[in-house]
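Shared between the two complexes below is subunit A, which pairs with subunit B and subunit C, respectively.
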Partner chain A sequence: MREINRYDKSREYYERASKVIPSGVYGHQGPAEGCFVPVEAFPFFSEKAQGSYFWDVDGNRFIDYMCAYGPNILGYNDPDVDAAAAEQRKKGDCITAPSTKMIEFAELMVDTVASADWAFFAKNGNDVTTLSIMAARAYTKRKKIVFFKGYYHGVSPWTQKLDYPGIIEEDVCNNIYIPWNDSDALGEVFDKYKGEIAAVISQPYMHGNFKDNVLPAGGFWQRVRKLCDDNDTVLIIDDVRAGFRLDIAGSDHYFGFEADMICFCKALANGYNVSALCGKDFLKNTISGMTFTGSYWLSAVPFAAGIACVTKMREMDIAKVLDEKGKKLRDGLVGAAKSHGFDLRVTGAPSLFYLRIADDPTLSLHQRWVAECVKRGVYFTNHHNHFINAALSDEDIAETVQVANEAFEVVKKN
Partner chain B sequence: MREINRYDKSREYYERASKVIPSGVYGHQGPAEGCFVPVEAFPFFSEKAQGSYFWDVDGNRFIDYMCAYGPNILGYNDPDVDAAAAEQRKKGDCITAPSTKMIEFAELMVDTVASADWAFFAKNGNDVTTLSIMAARAYTKRKKIVFFKGYYHGVSPWTQKLDYPGIIEEDVCNNIYIPWNDSDALGEVFDKYKGEIAAVISQPYMHGNFKDNVLPAGGFWQRVRKLCDDNDTVLIIDDVRAGFRLDIAGSDHYFGFEADMICFCKALANGYNVSALCGKDFLKNTISGMTFTGSYWLSAVPFAAGIACVTKMREMDIAKVLDEKGKKLRDGLVGAAKSHGFDLRVTGAPSLFYLRIADDPTLSLHQRWVAECVKRGVYFTNHHNHFINAALSDEDIAETVQVANEAFEVVKKN
Partner chain C sequence: MKDSRVLAYINLYAILGNIPILCELVPEAADTIRGEKVRLGISVKGGPSATLCFEDGKCRVEDGADNCDIKLPFASPEKFNGMIDGTVQPFPSKGFTKLGFLTKKFTKLTDILTKYLKASESDLQNPDFFRTSTLIMLHLIVEAAARIGNEDKVGKVSASNFEDGITAVMIGNYCVGIEGKGGKLKAIHTNPPKYTSSMSFESIELARNIFDGKVNSVAAVGLGQVRIGGFISQVDNLNRILDRVSYYLV
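Right after this comes the complex of A and B.
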């Protein structure tokens, strides 16, 4: 059996962090959140990363299936992206006037993303989802927004739930929530709120947390597209999480339709700090009329990195590469589960797979299995989709399946 | 007389940009905004930057008084900050688990900022102003927010005006606007909305656009602090723009009071992409209870850069250095104006000076003077405060005053 990780230094650092940082570590990584990661089995702090691995402060190496929650798509410290960024850094980064790298990057996005007539760059996925909602309201002069239950579109008040700390009724009173894949329900709310719906915002498929991920039903997107057209409503696709892992031309393209606006972040520049809103010509003037900016939004280094990343992803046919790796991993994991009598459900796109051991409504069996994997150097998470990167090798996949086997064995014994 | 800049390449690039980017260039730099920069006189795209200068794509060099709208505080490409960032980049940047650089940076902020018991890092100033408002509402279970007219706290819906594109009544119906420096007005709204006001949010002094900047009246902040205390209301200081240029310990400290939460961005890491919310112990649990994050928020390179930047700022007594340079420049500019019969008003802190030629309510005289400066390689802006950086030399200041003289001469002739 493989050696079990120890996390002594991580625990010490966490104590130190807790003194000066609310909850010590925030976001998905925080034990405060307590659900996405198997708390007692996971490292709190990283020391370094390379390719498909990261090392924690205790020296443990992990085959990393979270990829920094998406940004790592080519492999950590990709030499081509890093070289382009370093070259730009010599000249400058955050300067009073923008670099022409911004133009090159916008041209590349328009050339790459099927539904894009223009590109606007920001820093967070949340920046561009928020801009898309404001633009839809400005364009339609309407208030209401339709969401599919299970969505995640960032952390701004307009996209939170009423029971979230600090959210008030006014933040969300124009939100309409309908079930995923239910185009009849969408038709009904269009009838009920005739002429009032500014936008429908959605991920390309339902890759929510705590539930098996669900691809769009046949014809779903085509019907949604038609309903939006018929009701002069803006269709916004939030491709922040899935972007480039399904289709370099956009996940809307993958599912055979065109969004009016599409939001990118995460994998856009292999970890360099940039997001993008792309959209159709009819919305360009609306965006032009909005002063929407931030301190670092014109920085040139992330643009240079983004150009290198998108170019490389195009050249290597990234979605195909990740799909193949994802399928290989899926087959290995499902086989390992089966050989121990477990039914492991692998849902969503193979490049963004979601894992759940079936026949356990408490999810505790699944959590224990994930914990045993993490303790043996395979970084899975409990109830969030995973991410494949291009540096993941066949050897990494074989090692992962071996670890999964050991973990199933441990779980079976207990 | 000095040579007048030509901007042929900038204009060509702008044409190209307009095809794929809404308004071509967005933010303050965009000609669409059309007011902060003297459009016909200014360059659209930069080629490189170093110290106190940037060069545009036509090869023109500018003594840069905008400093990327604040981030450049030590000088572009500061060797110490860049070395710390490069060192961290070799290990990794945006990784699944955060680096311990996050802890070190939080400890440094708590040690540096007088009112800080904890630090939380994000990417935009807007991220942390938004978090502060949500936290204040969560803590107080109240809705209303008091703003001082002329404020700027980012681009989120809650801080925009109702006439801004895409803003709906619900976004701003809990906002109360009162005049700057008017603590009586604040007392009145506290009486009127007893037990309803969650927070007062303010810049440390009124450094708004289109108007002479205004420092706090004597005793103003002390009275505001007391009113907030008496009404159990959270006092939030937005130090995104002024931060570190008045006082390394926070602009609240400079004016002799303590904020409950204070927002930093811009100068925090000399252009590397990070922002921070610092606050008092009584709010730590509230922040801990909120899942508020983004794709790149745990990235280690900006933390390493921020540690180097704050450390260097402390060592060199940055606020004093910038204040001295700002005063030298102010005296030179006012003298140059006077010698041509103009009354140049220099308001706000010397390190963040705002310029206006008096006796011209149309502001057109001022705009023409700024344009003549920019065309001669001194990058001023029309109706926004400027920023001093530590690389600005006495020779730069002397050259600036000489250019200002020439520009006054041209304006006087016309």
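Right after this comes the complex of A and C.
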């Protein structure tokens, strides 16, 4: 059996952080939103990262299946991406006039992403999902937006729900929520709100939290595309989470349709901070006329990193690589579960898989198993999809399955 | 803006509805109504109706106010809420021969309830009082959460996302719960034998600080002072409703 991690320094740092930072570590990487159950099983702060691993402040090494919640796609500190970024940093980063790296990056995006005629860069996924909604409203002169339940499109007020702190009715009164995979429901809302719907926004498949992930039903996206066309409504794909892990040309391409706008972030530059909105030509003029910018949005270093990252992903056929690794891992984990009499469900795409032990509907058993894995150096989270990166080796996968076996053994005994 | 109708539900079911718990936890309250057998109906036009059934030192709450000995009708939620605030004087429409219960024993009971719900700093120095007061608040909060989830416009959004099952809310071994079924919530004032998720406070002092808004429960999760587990999306939605509870109870 492996040694169990200790997190003494993590705890000390967390207590220190709590004094000066609201909730210590906020958001998805924090213990509450990140569902650290129990908190004692998880590290709070990292020291360093390399390839498919990160080390916490106590010196524990983790095979990392969260990949910084997506950005790490090639492996932490990828030498090619880092070299390109370093080269640009010598020349300059945040400068009064933007670098021509921005043009190169936009050209590369247009050449890579099937539905892209142009590219607009920002920093976070939320920046570009928000821009896409504003652009759809500006183009159509309509207010209403259709969402699929279980969505996540960022944290701006329009993405949140009426019962979230700080949200007022006016923020969300034009939001329409329908069930995922239900194109009939979409048809009904188009009939009900004839001429009022500016956009349909969706992730390429349902990778919401707390539930098994659900791929699109056969013909679903084609029906959605047609309904949007028939109703002059803009179709936006939020590919922030899944982008490049299904298809280098975009997840709409993977599922056989074309979005009007598609949002990227996370894996776009292997951890360098840049996001992109790509879209069809008919929306370019609308975007041109919009007031939407930020202090660091045109910084050159992330553009250089993005160019290197996208180029490398293209060369290595990233989606195929990650799919193969994801399948190997999936088979190993499911086999380990089965050998201990557990029903481990692995849903979503293999490159961004979601885990759930189905034997206990309260998910407590699942939480105990995840905790035992983390304590032994395999970083899973309880109720969020995971991510595969290209640096993950067969040895890493074998070690993960070994840890999973130990963890199953422990939860079976207790 | 507070919805006076929702506030009336909270006032009836979570504030007055806390009298049964008060009688269980505070001997003085039980003694006040010992030997009594009275049904006090409260009917709010455009709002809730319920009956407080007193019998030999105990009390229970029934929905509806048709079967009662004393009836207090209110023309609107605002009038009823005014009675709770002490700005409106109630007039019974039935039970004039039992007015003594209303003016003496029931008034004494509500005074005891107020003492525990709006506790003074000096009373809270007594550990037993502190504990009882906090447990009464716990019951009030879960009942108010259920009513807000079922009646409040924003609360209904959270309730609709609350998956079927029970969230246990624990302070040490003391446990209550809130049950969701088909988007409707129900407070459970006894220890639920089974639950699908849990939120557990490390100590009664911490629970009090969270109830009083001095400590944030999200921050306390990271410090291990509040433990969450099981079907956490239920806890997440309950927390959103608890935010509304403090809004209504301020």
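Assume the second predicted complex is superposed on the first by the 409 of 414 C-alpha atoms of A that agree within 3 Å, B and C clash if a C-alpha of one lies under 4 Å from a C-alpha of the other, contacts with A are read in each partner's own complex, and residues count from 1 in each chain.
Rule of thumb we're sticking to: contacts are C-beta pairs under 8 Å (C-beta built on N, C-alpha and C of every residue); 3 or more make two chains touch, one makes a residue touch a chain.
Remember, it's a predicted structure, so these values are computed and weren't measured experimentally.
Peer 1: Quick check on the superposed pair: does A:44 touch subunit B, subunit C, both, or neither? Answer first, second, both or neither.
Peer 2: both
Peer 1: Once the structures are superposed on A, label A:220 by its partner contacts, choosing first (subunit B), second (subunit C), both or neither.
Peer 2: neither
Peer 1: Return the chain, subunit B or subunit C, that is in touch with more residues of subunit A.
Peer 2: Result: the larger residue contact count on subunit A belongs to B.
Peer 1: Name the contact category of A:353: first (subunit B only), second (subunit C only), both, or neither.
Peer 2: Neither partner.
Peer 1: Touching A:383 in the superposition: subunit B (first), subunit C (second), both, neither?
Peer 2: second
Peer 1: Once chain A of both complexes is superposed, is A:148 in touch with subunit B (first), subunit C (second), both, or neither?
Peer 2: In the superposition, A:148 touches no partner, neither subunit B nor subunit C.
Peer 1: Quick one: is A:57 in contact with subunit B, with subunit C, with both, or with neither? Answer first, second, both or neither.
Peer 2: In the superposition, A:57 contacts subunit B only.
Peer 1: One more residue to check, A:265. First (subunit B), second (subunit C), both or neither?
Peer 2: In the superposition, A:265 contacts subunit B only.
Peer 1: With both complexes overlaid on chain A, does A:25 touch subunit B (first), subunit C (second), both or neither?
Peer 2: A:25: touches subunit B and subunit C.
Peer 1: Per the contact definition in the header, classify A:163: touching subunit B only (first), subunit C only (second), both, or neither.
Peer 2: In the superposition, A:163 contacts subunit C only.
Peer 1: Where on subunit A do the contacts with subunit B and the contacts with subunit C coincide?
Peer 2: In the superposed arrangement, which is not itself an observed complex, subunit A uses residues 22-23, 25, 30, 32-33, 44, 164-165 for both subunit B and subunit C.
Peer 1: Using the touch rule from the top, collect the residues of subunit C that touch subunit A in their complex.
Peer 2: Against subunit A, subunit C makes touches at 153-155, 157-158, 161, 165, 195-197, 216, 218-219, 221-224, 227-233, 237, 240-241, 243-244.
Peer 1: For subunit A, which residues count as touching subunit C in their complex?
Peer 2: 14-15, 18, 22-25, 30-33, 35-40, 44, 161-165, 209-210, 361-364, 367, 382-383
Peer 1: So in the complex, the part of subunit B that touches subunit A is made up of which residues?
Peer 2: 13, 16-17, 20-23, 25-30, 32-33, 42-50, 54, 56-57, 62, 64, 66-72, 76-77, 82, 89, 91-100, 102-103, 106-107, 109-110, 117-120, 123-127, 130, 133-138, 143, 154-158, 164-168, 170-171, 173-174, 240, 265-266, 271-273, 275, 284-300, 302, 379
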